[in-house]
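In the two assemblies presented below, subunit A is common to both, partnered first by subunit B and then by subunit C.
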Partner chain A sequence: MAALTATRLVFDAAATLAIVFASVMVIHRHPVKSVLALVVSFFALSIAYVLLSAPLIAAVQVIVYAGAILVLFLFVLMLLNVPEEARHGSGRPIHRILSAAAILVFAVFLLSLLRSHGATASPAVGASAGGGADVAAAARLLFSEHLLSFEALSVLLLAALVGAFALARPETQR
Partner chain B sequence: MTATDWLITAVRVLAPVLAIMLILPIPMWLERRGAGLIQDRPGPNRVGPFGLLQPLADAVKFFMKEDLIPANTDRLLFVIAPGIALFSALTTFAVIPYGPAVTVGGREIPLVGADVSIGILYLFALTSLSVYGIVLAGWSSNNKFSLIGGIRSGAQIISYELAMTTAAAGVILAAGSFRLTDVVAMQTGTWLGFIPRWNVFPQFLGFAVFYVATFAETNRLPFDLPEAEAELVGGYHTEYSAFKFAMFFMAEYVNMIVASALTVTLFFGGWSLPWYEPHGIGGVIVSALAFFAKTAFFVWVFIWVRWTLPRFRYDQLMRLGWKALLPVALLNLLWVAFLVVKRWLP
Partner chain C sequence: MIAGGIPLGDVLLASGALFVIGLVGALLRRNAISIFLSIELMMNAANLTVLGYAASLQNLEGQVVVFFVIAIAAAEAAVGLAIFIALFRHTETIDVNRINLLKW
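Presenting the complex of A and B:
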């Protein structure tokens, strides 16, 4: 029981960290700092995944998102030397109050929705992808039931790659 | 979990980290002494016998120096960056097994920090985070040379990570598991009674790619372009002084040790010895020493290569990574898949 509460404590801390840094990512005006906040948020998320006994997803989260994609984001931002954003919009207090209220209402809706529907997602998928022999189970699912979507995704990524190459090619070579 | 369990876990996790921190001065001394040997000069020889206390003197110097943070830097990131570098280097050792399971008072204790089912993935996840330490150091310094060093390092690590993971995938395929204890277990024993069942023999190409890639991952010569002193002053750590510089310095050596230990675990049987079946405490000590000796050899190769080969040009580095190492790693993966399908590999 003691271990259980300790796990719960770590999970809550990780979840809080993820939410706080996700907010920092949105609010911060410096793009590089925003990316870094997102890195921390993803890292905290992966801790939460580990505690939900889905270590494979946790590792993939860190390797793919924090380790590869966000590094590329950081690259582009550093190379372009993007400056801090200036604050746009009117500084009138009524606008701030209204936008804060809108966020609050949205959060309440989202929470109530999650409370009523969140627990109905079938636990079997999570268990087969996360528990015990997780890697083998996930691989089996990926290469049997979800094979078509898996392959379709890789074709989609390839198409994006070719498209990016075609767009970025110098004009003279066409 | 009882208090004893907690204690055992703590010792299991902390032992390798403390061991690394304790022996860290030795590769530093070896680097300078080895450089002297290779360049036909004495190397450090004033502090203690054979200059053995030189790393201690260096440490004292790092503590005493003024810790300078230049103006116009991003102070928070400037301070955090060396911490990230050292943290990601030290935590990677948690999943590398350093000995067989030992039975103490009826409990079986595996000699590995955490025997998690995603061992290798955990390792790659943390190494991919280590790039942040260097990139942030380069960017927050607000210095052209630092920035170029940081960006070079990021591009280099991401490129070589691809070849490195593909090469490691061959081992994962052969072992059928991400767990590093399983990887070691499959390499015990011999083929035909005299060839050790080490992965390096059936997967020599994989080993070659993996080992070359570790040099790029640790920013060591011939791939140390992020800190190429001839072009970039000091690269990403140009603006760092005193203990923050020492942290980058330590991270580099810890990374070297971890990379060597990982090479040994994946391709050279980890702690296992081909003709030796460990029994009791003596077996544990012999196995741990075998692991240490194998790792020490590869650390020495790191130093040996550094003082033997010149630095690559950046385009050569990228061409090697993408056009040579990655295809060879894929070829190795196909070869291992063939072996596994034919059931010639376990």
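Presenting the complex of A and C:
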């Protein structure tokens, strides 16, 4: 059994929070409340990212995911005035069978992980350098080796912008 | 053991749980936007796995990959929501049970 360090405790707490609010997201029938639960879940995930020595990704997670993408969802939900889902008739039988199978596979995974706990120690690595150094190193990698992909990404976002505009435009204007 | 004493097993467990929750949501929800949210959750579970291994192997490439995934998720969300708006304008609903034009 691995030692319980403070970092591990915080990570487990953040992961539990993320899982709980993800469940709330799935269970809740009102779409707006689902989105708000997912915002909390993504904030908890960004705490987990900080502890995995990825502060840059944690910041991007909060700014882009929780800040931009989910707010976009909220805007669309309020624009469309989506009603609450009906209580019955959730899912065809095949969907229920498949989700039961997914939960079963996860349970098997959980059991095998619990059984092999301690037997196979994960590779032990020392603590990485401070957060600032991590960000600088990740940024250097992003802007040197992956510069072309980074620039291609800006073209992709532009294409998505044009595509979204073309799709959401009323048909009468064409 | 990752930096600070987080075992890789914890990371994989959390990410597996999030992925399964997202999968169940994508299968059982009937509202197209809720299904889309579940897919976003599954993508985040995959990101968590990548970051866990990146921290475990002390390799920064994982962070770069996750950065690209998040940017692509932003593009995907913009186009997907535009499709939902167009769909809603066309059919007055985004309940996937009632959108059956392409169903055989």
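FYI, the second predicted complex is superposed on the first by the 120 of 174 C-alpha atoms of A that agree within 3 Å, B and C clash if a C-alpha of one lies under 4 Å from a C-alpha of the other, contacts with A are read in each partner's own complex, and residues count from 1 in each chain.
By our rule, a contact is a pair of C-beta atoms (placed from the backbone, for glycine too) under 8 Å apart; a residue touches a chain by one contact, two chains touch by 3 or more.
These numbers come from a predicted model, not from an experiment.
Between subunit B and subunit C, it is C that contacts the larger number of residues in subunit A. In the superposition on chain A, A:Val155 contacts neither subunit B nor subunit C. Once the two complexes are laid over each other on the shared chain, residue contacts for A:Met78 go to subunit B alone; subunit C is not touched. In the superposition on chain A, contact is made by A:Leu113 with subunit C only, not with subunit B. In the superposition on chain A, contact of A:Leu52 is made with subunit C only, not with subunit B. Across the superposed pair, subunit B and subunit C both touch subunit A at residues 2-3, 56, 60, 68, 72, 79, 134.
Against subunit A, the residues of subunit B that register as touching in their complex are 1, 77, 116-118, 121-122, 124-126, 128-129, 131-132, 135-136, 139, 147, 150-151, 154-155, 158, 161, 177-178. Partner subunit A is touched in their complex by these residues of subunit C: 1-14, 16-18, 20-25, 27-31, 33-34, 36-38, 40-41, 44, 47-48, 51-52, 54-58, 60-61, 63-64, 66-68, 70-79, 81-86, 88-89, 94-95, 97.
On the side of subunit A, the complex with subunit B involves touching residues 2-3, 32, 36, 39, 43, 46, 55-56, 58-60, 62-63, 66-68, 71-72, 74-75, 78-79, 133-135. In the complex of the two chains, the subunit A residues touching subunit C come out as 2-3, 5, 7-8, 11-12, 15, 18-19, 22-23, 25-26, 31, 34-35, 38, 41-42, 45, 48-49, 51-54, 56-57, 60-61, 64-65, 68-69, 72-73, 76-77, 79-80, 82, 85-86, 89-91, 95-96, 98-99, 102-103, 105-106, 109-110, 113, 117, 121-128, 134, 137-138, 141-142, 146, 149, 153, 156-157, 159-161, 163-165, 167-168, 170-171.
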